[in-house]
Structure formats: C-alpha cells, structure tokens
Amino acid sequence: MSMRLPKTVLHNRSANPNFRQSFWGFAWRTIVKKPGRLIGFAIIVLFALMGIFGPYLYPAQLPINPNAIYAPISWQYPLGTDFEGTSNLALVVTGARYVLFAAAMGAVFTVVFGTILGLCAGYFIGLTDSVIMRITDFILTIPSFPLLVVLSTVWNFGQPVAMGFVLGITGWGGLARAVRSQTMSLRERGFIEAARGLGLSPLYILFREILPNVGSYIAMNLLLAVTGSIYAEVGLFFLGVVPFQVNNWGVMLNLAVFSAGAMSSPQALPYLLSPMLAILILTLGIVLFLDALDEMFNPRLREV
Amino acid sequence: MSAELMHGKSAEPAVRVRGLNVVYATSQGDLPAVRDVDLDIEAEKITGIIGESGSGKSTLVMALLNSVGKPGKIVSGSVMVPGVGDMLSIDRERQRRARGKELGLVFQAAQNSLNPLRRIGHQVLDLGRSHEVRDLRDLLRKASDLLTRLGMDADRVLTSYQHELSGGMRQRVGIMFALILDAKIVILDEATTALDMLSQASVLEIVRELHKERGLTTILVTHDMGVVADMADRVVVMYGGEIVEEGPSGSVLSHPAHPYTQGLIRAIPRISGAIDRAVPLPGAPADLKTYLEPGCPFYQRCAAAMPKCQANRPTSLTVSADRKVACFKVTDHD
Amino acid sequence: MKTVMARLAKRLVAGVIMILVVASFTFLLVRLMPGNPVEAKYQSLLLNGLTPVQAMDEVRVMYGFIPHQSLWIQYLHYLGQILHLNLGQSISYEGTPVMRIILGAAPWTIILVLTGTVASFIVGILAGVIAAIRRNSPVGSAITISGSVLHGIPLFVMALFLAYVFTTIWAVLPFGAPYNAALTPGFNGPFISSLARHALLPVFTYALASYGGWLLTMKSSVISVLGDDFILASEVRGLKTSTRVGYIAHNAILPLFTILALSLGFMFGGSLFIEDIFDYPGLGNLLVNAINNRDYPLMSGAFLLITVAVIASNIITDFLYSVVDPRIRR
Amino acid sequence: MKKTAWLAVLASSGMLLASMGPAAMATSGAKSSTFTTINEYHGITVGAPMNPFNSNGNTFYGFDQMQLGWFTNSATNVNAFIPGLASKWQILNGGTVVNVQLQPGAKWSNGKPVTANDVVTSMAVAFTQGNAQAFFLGSVRAISPTEVQFRQVPGQHYNQFFNNLMQQTIVPSFEYGRLMPSNIWTIINESQYSGNNAAKQALAQKMQTQLTDIGKKITTFAPANDISAGPFVLKSLNPGEAFLVKNPYFYAADKVQVQNVVFRNYTGNQQIWNYMIAGQLDQAPFTAMPTNILDQILHTAGNKKVVTPSFVGAALAFNQGIYPYNMLAVRQALAHIINRNAVQKIAEPVVGTVSQYSDGMVDAATPQWLSSAQIKGLNPYAYNLQLATQQLLKAGFKKVNGNWMMPNGKPWTASIYTVNGFSDWIEAAKVISSEMTSFGIPTQPNIVSSYSQYLQELAQDKFALSFWINALGPQAYGTYQRIFGPNDGYQIVGGKLVHYPYSDKTKGNWLDIPQVIRLAHGKVVNPGQLTYSLNNMTTAQQRPVVAELAAAANADLPMITLWNYINVQFVNTTRFTDFPLNNVGLLNNPAGVWMAQGYVHPVS
Amino acid sequence: MIEVEHLQKVYTTKGNLLTRSQVHAVRDVSFRIPDGGAISFIGESGCGKTTVGRILAGLETPSAGVVRLDGADIHQTPTRERRDLRRKIQLIHQDPYQALNPAHSIEQALSAPLQIMAKQKSGSPRAWIRERMDEVLTMVGLEPASVLYKHPHMLSGGQRQRIVIARALTVEPTVLVADEAVSMIDVSLRLGVLHLLRDLREKLRISLLFITHDVAAARYLGQGGQISVIYKGLIMEQGLTEVVIAHPRHPYTQALLSAVPVLKGLETMGADRFILAKEMNAQSDAQAGCLFADRCPFAQARCFTEAPALIGEDHQYACHFPEVRQVAAVAAE
C-alpha cells in the first residue's frame, strides 16, 4: 500500500545494540501508557504473589471457629467466614496456589503441546502433518469439558501438575492448528528456504527461525490459556465431578452453592462471593493486560 | 457530461494543485509526506510522476481525490478540477461523485481492488447505482465494450469473481472501472508494477490507445523511469515529498537538470548502447529523517552538494519555458 | 457443483471414520471410570428414607443391565449396535434405551443454545461493527470493553450471578422446569408463554456469555476488512456509503458464519454449567447425571451425540462455506 | 427476502418473550387445590416408563403407586401397618401364614376393580424382580375375588414376612399379566428348588435366568397410560414437573380433598431449599440443611417444621485392614479426639443431634432396647484429648515435634473420605480433619466425585477413614447389618450366612471387624452371626441379642457414630391445612397416604 | 562448473482423483555454467524459470534430468555429502523483505551458517566467525560495525539484499542463483546490487544463474555470459547475451525485447518492434506443435502441427521460421 510509511523509520529508537533490554523497556512503556493496563498488570502480579506466598501467611490448617459461622464482614473477617467459621479471605488466599499453579501448568502444557505439534505439522508437511492433524481433529472434535470430566475421574488430581497436564492435553488442539497454519506460511517465506539452503538443521529452523516469529501469538495464547484453565478447573470443582481434597476457589463455590445455600441465604453470601470476586478480579486483570500484550505484539492494532 | 471540459481551453490545466501539504500523524508528531506541491496537470496529455518508495507520489495522487487514508491528513492546499471545483473543500457528497466519474483511479494494488464476494458485473451495477446512472443495461453494455477493447472475453469476465481472473486481467478490469463512467482524468498509480514485461507492455499499449481515442488526461505514477520515458509527454520527478524536477519527458531525459534525475537516469540498465554507461546511485532513498531535516532532501546522496544545500531547501524555479527544477546548483547558475 | 458433491462425500466418509474413532475412545475411557452405579442407587434410596426392603426392591433388577462380558466383546457389540443407530440401554434408567433418553433431553438444549446463540450472534455482530467503525470514540471503547468483560467472565460465575439476582433477590423468573406441567404441550398461548418464561433466564445467560466473543471476533474481522485494498478502491471509485458498508459487512461476516455453525456443533457440550445451575433439563445436565451415576451406556451415548453434532456441523459448515464463498466454490 | 423473513420470526419471538410478563406469573400453586411437593426417591425422568418396577419410573409412591399397607416405622412392632389396598389382615401360624382382605370398592383408574388376581400377579412380578424371594414367600392363593392368602417357604420363620409382603407394589393383572408367560408360577416354583437333586438344581438355575429375563422385560415395560389404584393418577410430565390429578375411582375418593398434585424435580438439596424459601412447596421431605437455610425457610409465610423420629445415624467408619486402625487404642483415641458437639453444630445443625452412645443404634432406639444398667455400661467416649494421648502413648505412639509417630516409626497422617454433594459429610470431614490436625495427626478431607465411585472404592479398601450411614432402623436387623453385615463380609447366600474374608476384594468386606469380640464382662460373641439370627426372632427374643450387639459395637468401635438424624420435614399452611401433625406413624408415609386417610384440606 | 542436462519437473495438482492433473513446469532444460560464468534465464512469469533455480538450489527435486556440480550429481549423492554439496549452490531470493528472519539480528543471521562451517575449520571458532562475518560484509559493501547488531527492519531494501548475499557467501558457494534478485528493490539501488553480483562473479569466480524478466538487467549482469529464453519450461533461444539481444531469431525473444520500454530522448524505437497482446494460456499445453504458436504473430500452419527442435551451434533457437528482427531500441547518439 502506498500509504504506508517507510518501515525503517518507525523503529529508529531501537537502534540500540542491546535489543532485548529495549524490548522490556518498550513493554514497560506499553504497560504504563494506559492506567488500565497498569491496573491489570498490578492485579496479575498481586495474584501471582498470592499463589506463591499465600499459604505461608496462614497456618497449615486454617483455624475454625464454631462461634463465628457465617460471621458478617468485619475487621477480623474482611470477607466473612464459611460454614465452620474460617475466614473467607484466608480461604481465598490459601486457595489461590492450587488454582493458579494448576492453571499455569495447564497453560504451559497447552502451549508446549500445541506449539511443538503445530510446528512439526506445519514444517514437516506430508505424513507427519497428516498424522498430527488427524490427532488434532480428534482432540478438537471431542467436547473438551466433558472429556475433562471423564478424564478427571480416571486420574487423580491431588497434584496441580496432574490437573494442569489434563487441562493441557484436552486444550492444545486449537493452538496447534493455528501454529501449524502460521508455520506453513512461514515455511514458504524466503528466510526458511534460505536456512534450508544454508544447510541448517531442521531443529534449528523449527526452534530458532520459526518459533520466534510465532512467539507473540504464543505469548497471547499462554495468557489466554491461563484464564481458560482457571475456568475449566474451577468449573470442574464447582460441578463437583472430580475428586478433590484441597481448599481452592472451585471447592468454595461448590460448597457455598450446594452445601451452604449461599444462593438462598444472605448470611452465606460472602462465602459465595469471595471466590467469585477473586475470579472476577483476576479475569479483569487479564482482560486489561491483554490489551497491552495486543499492542506489544500485534502491529496491526498499534496506532502509528 | 463533461462538456465544459471537452471544450475548455487547452491552456487551462485539467488539474491545478496549489500549496499542497500532507502529513502523517504519528506518535512522534506530524511528519510531512507531501510538501508545498504546486502542479498543473495538462489536459489531454500523459503526465508521468516518478519517484522511489517514500517519495510521496502515491500520497499526492490520493490527495488529488481527497482520499488520503489515516493516519495521513491534508494540512493545506487546493486541488482545482474544472467542472468540479476544489476537491479539498467541496462537500463530501460532491467529492464522492467526482471520484469515479470525473477522476478515475487505477490502483497500485488493482489486483485486489475488487470485492472478492461479488461478480464483476454486479460491481459494475453497484458503481452505476452509486453514480445515479439511469440506464444500467447501457452501462453493462459499455463495460462489455471496454473489456473487449482491453482484449478480454467480456461475458466471461462480467460473470466472474476476482479470484477467477489472472493478475493481468484484474489490472485491465481495474482500468475498465476507471473509464466506464467516462472519466476524463485517469490516474494510473503503479498500475503495471506487479505485471511482467509482456503484460506491462500490452497494458501500456492499450492505455496509450485509449488515451488518444478518448482525449483523456492521463497521470502515470510509477517508479520505473523506462515506463515514463516510453509513455509520458511530461515528467514530474518527486523526491522526499517534493517535486524536484518537471518538464517534457524528452528534454528531461536527454538533459536532466537535477542531480537526482541525472543519477536516476544513469542508474537504468539499458539494452542499447555501452553497458558500462550505467552507474549505480549511492546512498539510500529518503526516509522520514530526511523529511525532517531543513536542507535539500537529496543532500545526503548528492555528489554536487554545496554547504548551502544542507541548511536551505531549494524551491522549484522555472528554468526554461516549460521546465522547473528545485536545485541550487541549477537555479544559482542561471 | 460436481466437485462440491465429491468433496462432501469425502468429508462424510472422513466424518464417519472420526465418529467411530471417537466412539471407540469414549467407550474405553468411560469404562475406565471407577464407580458402582447400583450400590450408589441403593444407598441413596436408603438415605432418602426408603426401608432397605423397598430400596433393594427398587434396584435389584439394575444389576441385570450392567454388562458382564469382557471389555472386548462389549466393545464389538457396542460398535455393532452403533451401526444400527442403537446406543444401548441405560443402567441408571433401568434399561430405557439411551437414544430415547437423549432425544428427550436434546430439545431443551437445542432451544436453549439455538436461541441464545442466534440472539447473541445478531447483537454481537451489530455491536462489533459499531465497535470497529467507532474504535477511536468513547462509544466504541465502551462497547469493546463490555465485550471483553462479558467474554472474560466465566460462564458459571455469570450464571450463578444471574440466578441469584433473578430467582432469589428479585424472584420474577421461574427455574427448574422447562414449562408448567399443568399445561398441555402444543402450539397454544399459555404453553408457549410458559416455555418462554422458563427458558428466558438460561437463554439470556447463554446469550450474554457468548455476546462478547461475537463482538470481539466481528470487530477484528471488520478492522481487517477495512484494511483491505478493495475497500479503499470502492472509496476512490465513489461508491455510496451504504454500498461500501454492505461490502464491508459481507466480507467481514463471512468468516463468522463458520464459527457460528461450529459453535452450534459444540452446543451440546457448551451449556453444561447453565443447565446445571438453572437445572434446565438438557443434555448437559443429563451428561453430568450420567457421570455421577456412572451410567456408562448413557455417557457413551451422550458423548457420541456431541461428537456427531460437532462433525456434522463441521461438514455443514464446509458445505455452506463453499456455497456462500465464491473463492472456495469451484 | 429470505433474510427478512428470518428476522421477522426472531423479532416476533422476542416480542413474545417481552409480552408474557405479569400475566404468566401465576404459578401452578395459585389454584388452591393443587398440592405441590417433591419426590424424594428419584428425579422425574422424561422417557422413563410409568412403571413402578423401574427405578427411574415415573410413578409416585403413595400417590399413584399402591401397596397393601403402609408401615408406621415402629421400632419394636414390625407389624404395625395403616391399611392400604388391604382393608384387613390376619397373621396366622406364628407369622408364616397371612390372610389379606382387599378394600371393598377398590378400583383402577380405568374403572376396573382391583381383585385378588391382581395381587397374585403382583407377587409373580415380585418374584421376577427377586423381591419375593427376599422375604421367603412360598405361595400366594386367591381365596376369593377379594381375599388372598400368603404362605412362607416351608421351614422358614422370617420375622418380617408380613412387613415385607405388605409393602409390595400392587399392579394391575391386565397390564402386567400379559408380560409373563402363562406358566409363570411353574417357573417360579421350579426356580425355588433348594434340594440336592442335580437335575432339579440345573433346572432351577435355568428357571432363575428365565425369571430374571422376564424381570428385565417388566422393568422396561412402558404402559401407555398411568393406571393407578391410588388417590391420584399421573396426567402429564416434563423434565421439571409431574402433574397428577385426583383418581375418581379411588376407593376412598370422597376423603381426598386435593384435586391436583405437582411434583417438582430436583437434583440437589439447594433446589429444595429454594422452593421452600419461595413458599412453593406444600410439603417437603427430609433434606439436610444448614441453620441459615432453616431460618430462611421458617421466615417464609406458612412454612412449618415437622419433626418425627428417624432411625439413621452418620458415622466415621474404620477400615481395620489398614494400619494403624486395626488397633483398638487408635479407634478409641480418635473417638476422644473428635468433638462430636462441634461436628454436629457445624455439619448437621438442623436435622441432626449429637450421638451419645456409639452402640450401633440411634440414641432414640437405645432406651427402647437396653435397660438403664446396660446403657450405663456403655463407654460414652467423651471429648478428652488427655485420655486420647494416654491411650496412644500406651499403644506405642510417640509425639515428635507436635506430630504423632506410629509404633512402626512412620509419621501418622490421615485422609477422611466423603462424597461430593453430601454437604454434611464434607463439612464434618473438614471439622474432624481440623481437630485431628491440631492434635498432631495431619489430616485432609478427600472428596470423591460421585457416590457410586465412593462406594466402589470403599469396597476396594481404598479408604482408611470414611463416612458411613449406620443405625439404619427401625428394626434391629436392619440396624446392625449396617455394621456386622455385608460390609463386614457377612452375606446371606441361599438362605445361609456366609463370611467372606477381608482379603477377598470382590465381596465387599471393607470393615474387617474381628469375627469374635470379647465383651466387657468377658463373654466372647460373633456379632455377624448374632445379627443374622435377629431375622428369625420375635421382639422379645431379640432384646438380649441386641444388648450384646450394642455392647460389641461400643467396645470394639468399628465406627464412631457422630450424629443421629432427626426426620425434619416441612409443610406450608397457606394453601392447605389439616396435616396429620400428631400422627407420627402416618407422617412417616408420603403425603398421598395422608390424603387417602382424609387429611390435607384446601384453605377455604 | 555446473552442468544441467534434460531437466524436467512435473507437478501434480491437488484435488480429488478425478480432477487431479499434471502441470509441466520444466519440460527440457539443459545448460552449463563454467566457473565465473553467468547465464540469464528470461521469460514471463509462469514460464518455469524459477523452478529451474529452485531445483538447482535443492529446494525441489527434478522429475527427470541431472544436475552436476563439478561432476557430482547433487541429487544422487549420499545424504551427508549432499548437504555439503548443496551448500555450494546458494539461492538469492527475489524478496529481501522475506529473505531475512525479522526476529534475528544480522549477526544471528550470519553466524548460524558460520557455526556449521566453523566445525570444519581449525582454530578458535569464535574468532574465525567474527573475522569471516567482517569479511563477507565488507565484500558486499557494508560496514560490519554499523549493521551487525541491527535487525532487518532497520535496513533498506538494498542493504537487506546485500545482507542476503553476504549470508549466502558465508558458506563459500561456487554457484549463486539470483531469482529476480533486484525486482523488489528501489530503482535507484537496483544497479548497485547488480553491480555487486557482477563483481563477485569476477572476484570469487562464482558461477551465476540470473533469473529475470528484465532483459536489460540480464544484459548488464550477464556480460560475456549466456542468455536462455524460456517459455513453458522449454528453451526457445539460447546464446551469448550480446548476440541474442542484438540478433534475436525467435519471435518470443523478440516479443520480450519489444516489451522493454523505450527511453525517449535517449533511444529510438526498434524498427520491427511489436507488442504481444495475447496472454499466455496455461491450459493449451496439449497442442502438438510449437508451444508458442498460439500467441506468435508470425505463426504458420506448420507451427501448429510440428514442434521445432532446438537448432544451431553457439546460438540455438527452436523455431521453424527464424528471422532476425530489429526490435530492441537503439541508443540515440
């Protein structure tokens, strides 16, 4: 298009030998540009810290208090208490680790499976592609949530890694397909042909030449997969179709709705609202932050 | 329809551009893309506008239609078209009607200038309806005639979708769209760049013939000096958003005055004459940094640069009856 | 057209193979699930107050519907029955054909998802166009944010919230049944009105949850079409604004139709939370109950139905797309 | 143009939704003679047959599904019945022969009379379902069109013979008779053979299979219309509601004041709570609930709580096959660690009371069976951490860094298993976990996703500590077989008691209680055999046996009874009055039975 | 020295069994390039010239025919040696904007192939790589210090193409295949890149296969070398560059030369210049006679029935009626 500016000038500020650092600098500038993004970023950081350090803030077994069942919101219980008089805030904070760690693992597995299979299918066209794509079709055809439910009863979800793994193996299909099509189009690009002509190994081409170019897409997907995983696992616990043993947000929702009658009784409402609030705030944070990622990586939306 | 234009004095230019400035709004502020352009396009002549990528030639052409897309915006100037008025100040509806009807544009990316989901014939009808053509059947007949004239199977093309046509055919369909409403001013913006030699030659041939037959005013925008040299009556050389040289093509080619024009002509490999006559032009084309500097935009690459050129921008001066140059070396001598 | 049909045939064959693969997979998987359905039924009857005699009377015959052959024989039998469109007999429903149970639940899910999807599609598309065209104005930003937020909220959170608001705090809407049982089903006013009133909340929830997705997809589709050369070309050719908007809309909406058809295919899996929370008697609910009761034939059947729906919608999408998009039609 | 038509349809449906606002608000309860309730036994299933022998069948016990009589749930008199289709009965020959006279004028909802032949057919059906064999029914004979005689299998003295036969579902012969071959009684008789003739044994085997096949056919049988001999008949149904109308042919139709009955479907307790809070249920069955919900329910106009005795307890059961729970000291120490008051207050505050005795019975039954001296002899296992510490130290446990080490040197950690959806169990498990953890035994509650999975894994010995329903009464056998019955490996096979060892993982012995238990006064008993023997005893004969079993359960502590359920149901008096609130025996039966007895009147 | 004999390439189009068809991209192409020599392939798009280049570069396998590099058949050698052999032939892409990985700096782009080479060299690999990078960058006329750390988007088209060439040089090739190597570069910079390629040919004795539709560029680069005019995968005319341009015998060659715009004021139009209006029809493959006959303005009956053979010694042409026409423009002075 004739309207486009000469490409060279837009990036003059990055004429800095240490490009990597300047990327982080650029990323940070993108974040602070709008207050919404900063808020989103802060929320994500807060929740990450909660996941890492939350359990250390409270005793291993949260204290119960039969005299403060469904206590109203107070300084002692900022989010009220549950059916046995345990602080809802403590439950949310200590429950974050499993939820977030499993979600992170789920996202990592999704992205790792999806990326590797997508790259291989797109690059080694032919038989490899056919086999991988048939498996992908299969994964995409089976409704993932019900599959998750069935898998989860066969598996034991004591460890968040196991949960993450199952979330990963049910969720990589879409990403694999997208990465494949991007890889296929990159494959036709001159620099891949040149790399082949220069005798570089397929491994180098896949992971050093192609991967960085789908990196931005994968980064976005990683974040989206985190939210997707949170919803899926919290949903599983909420429905109660999986065995559970640890305190987490989904269990709270389940107990609040099905045991505590939070839907019918205002006294138990804080018990229901606490995990919902946590999920919503985290969602909000991710939505706000996605906007920044979008700008960091999607040149199409970047306003010149 | 455009009777005034047909019978207008030939001395009156078909398009008169005055003081045109276009900028691109960026996060770093407004960057000039077209600067202080004054230009008269002579009626019924082929005018070639030549320049490299980033020289502002396409922006200039879009400004003629007042269709500069975001983030570009026209800051000042006027584009007078007889029978229409100043394209930059008449109301939007009249601008819209002038586009397509008075001013036909064949797009740089004409290959993709058609709605992929509608048959060509339907798009002809859409065009007719937008310009209040009463007899749509007649319009289709005209389209059919034009397509035949352009060397295509008209019935097949009209019932085809874009993807069913080859690149050369799409380009010709683009020309058909520019001419079908009897526009007298036709602008070809890099219309043949994507075609290979043989297609380019045949499309240019048709353009030349139609130009003559219909008494068109043709503006040919290209980066290919050869095409301009072959086709144009007048040539306008742009560099860094400005017109650096302007004149009849024969005289400019044989006696280029501006160092850029000279370098450009010298850098053309030819099929005639001694091979080593061709000499590369050093440096890189103008970019936004160049635009922002106060001096001559060609200063960095100019072999004949003087200290004066770094700080002052030469303005376009008439050097002979119909030639203008913007270079201190030329104007100072004279 | 001939090639279209040939392609269709090819897709159909591939679809059937995929169905068999998924059927085999789910068959085996589902039978790996631990559980003893009969004992559970018996124990829950006891909990509900039946005397042991009555409870045992109730469940004794269920044992007869649990397959006793080896897994391999069961599998072969299962495949054979599928080819006869027989999904077997339910355990927890004591021998009621799975097909009949599923067909009893399917209409409610279809009502729920179809209405919800179509409503959210229309609203989402319109909002998406506005959000794309006015993307630099406050209105556009507001619409986009509404879409992102609604898209971001998990379905069950939204369903719980709406259920709380409309059935507890401001109890204007009924839940728990698809219509008032005292009314005669048919095309009569009271019945349809009851049907609609009962469906309103789940449908609204579903629509609200899907709206954001449509909006965001449509917005990005419109933005990408806006950058296409032919849109600029239509401007320089002086086409009327209405015609140009038509061009934009037509081109932008086309990819969304694929997603629409696909999402209808996924409908049976998608409404699980809504059906559970509003206790709407559709397939999602059925599946959850089947899982909790370890009713293997019913689970396999529900899975198979979902799979068939997805595959069918894939094929239909493919076919429709080759009809509406001239670039694919050959 | 197609497009516009599409849009028009959409628009009109949208208007439809909008226009039906307040007019459609009237619920089914608005007409005051429609009685709304919940079927607690199973959900409403569209597509399931209107057949009482199908466990998901759409028939409603006490409304359109009838039996000869209705049991009053008496702990000590198993023969106390309210007349159903039987108006009178005689129990002869020490309980082995029963004569039953049918209600004069009893008719099916199509106008045909209910005859002795229908009862005979129903008993044949009961054989096909395996039900009649369970109470040793030997023969059924129509003495007259309205009188039937039942006999026990010769040589058997099953003390609940009458009790069980009265509770068999009676179905019309003209519907169900067709489903069975004409020689059905021959098949039944041949299948009953229990002698030693090999040929006859083989034949019996064959006939049993045949019988089972007929049984399967019957459970899937779907009558076109509901045919009821009860006060109501099913008219229509959808996945959320079933709609029943009064049966004009019911023998006591003049007593029935309710015109229509609506059954609401439910999938979880919270739904029943919601219905009650909305004041929509005229009667609601027993449902576990937290206090806040009870308050909310009682806040609604007209809702009234009705309490009747219940014979169910919730217990924490030990798998004695798993170390260290094979040690009596461990089980007893845990009983001292668990504060049952706190557990009950949190887990089951509304429909539970703290269990006092841990003797295998509910506390309400204990005084009825045991003398006060015997009660005094029971260990109350009071909450006493010091005692628990002493016991554990004596058994070789050590406390290191605040946590207990087992005698084998390994740290003691535990998991308590419960089931998703069983809210009281889950909450109790959490409380007990907290208590055990703070005592120095790190414990976690583990929630299994479905009850069927729970039961299977329980039987596979995957759980050391799990929740269990015990004290299921009112009869003594029913109570103790929850502890010393199949879960302890004792099963009745072919009328004889068999004990399967713990090592046999397929036969359900997951408690692994020692086969003999030494009581406090030194007597050694076999509780499995004692429990079994209760079947053939009169109430008087049962008393000393129950006392021994109570002592055994209390001393060996195979499970700790945490709380006893109290049967709390609700009625709403805004639309109906005259509930049988003072008639405990009747209250234990479905509301349809109340109505047939002339209770429940619309508010005028 | 690279020799190509009777090269063929047939593509099977995708589709179902019924609609699957074969496309002959290259029918029969033979040529040889001595060390330091050059050959230019000219023809319009879709004529198969790019396929020839891709086969040479090892990106496609030929359906038939032999490609020999210094006597070794590059498609028949064992896998391990083949990789080394193939590295000797480097392809310069048409589009410098696509030929460099946008995610890599110039240093990364150049060092990756050098790391492979370094394994075969003695001494410190890091120093050697550094040295070699400087060497190739200087060779293509760029200053190493000012470009090494940059990413492709910071460079102009001409600079990028120089980087692409430098990267090809890292593996010490003996043959360069330049496929429309300057068509995407700004006009003022094109000649510079052509000049560089010509330099390399002379200095490093690299053989050059130049693929283009621009006859003038072919003439500039192919000085002293040969020109091959290719149409529908078949050579129409082949000979010394100067000879073919000055005395074209095949009408197709003449059409290509006629299509070169005439620089009015510097050149005069060739006397016999003609513009070919008809487009290439890819479907009319099956005809018996000359492949060009359907578009040839001079075709006679025989051309439609009998395929002409490639005749002539140094200057070969495949035409029944070869007639020299003066179509190229002539310098004005």
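Points worth noting:
As written, the chain order gives the labels A, B, C, D and E, with residue 1 at the start of each chain.
Going forward, contacts are C-beta pairs under 8 Å (C-beta built on N, C-alpha and C of every residue); 3 or more make two chains touch, one makes a residue touch a chain.
The shown structure was predicted, so the numbers you read here are calculated from the model rather than taken from an experiment.
Each step here moves to a touching chain, and the least such steps from subunit B to subunit D number 2. In this structure, the chain pairs A-D and C-D differ in their number of contacting C-beta pairs, and the larger number is found at C-D. Chain centres were defined as the mean of their Cα atoms; on that basis the chain farthest from subunit E turns out to be D. Each chain gets one centre point, the mean of its Cα atoms, and the points for subunit B and subunit E are 32 Å apart.
Chain centres here are Cα means. That of subunit B falls 55 Å from that of subunit C. Computed from the mean C-alpha positions, the centre of subunit A lies at a distance of 49 Å from the centre of subunit E. In this assembly, the C-alpha centroid of subunit D lies 88 Å from the C-alpha centroid of subunit E. Counting only residues that touch two or more partner chains, subunit B has 53, 62, 69, 109, 285. For subunit E, residues touching at least two other chains, in rising order: 156. Shared interface positions of subunit C, i.e. residues touching 2 or more other chains, are given as 33-35, 167-168, 229, 232, 276, 291-292. Contact residues on subunit B toward subunit C in their complex (touch as defined above): 62, 65, 67, 69, 96-101, 105, 107, 109-110, 112-119, 126-127, 129-131, 161, 163, 174, 177. If you check the complex, the residues on subunit C that touch subunit D are 33-37, 39-41, 43-54, 56-62, 64-65, 89, 92-96, 100-101, 103-105, 108, 115, 118-119, 122, 167-168, 171-172, 174, 176-182, 184-185, 190, 192-194, 196-198, 200, 276, 279, 281, 285, 289, 291-294. Contact residues of subunit E toward subunit B in the complex are 44-45, 156, 158-159, 186-192, 194-195, 213-217, 219-220, 223, 245, 255-267, 275-279, 328-333. In the complex of the two chains, the subunit C residues touching subunit B come out as 228-230, 232-240, 243, 247, 250-251, 254, 325-327. Residue ranges on subunit A touching subunit E, taken from their complex, read 7-8, 11-12, 14-15, 17, 19, 189-191, 193-200, 204, 208-209, 212-213, 215.
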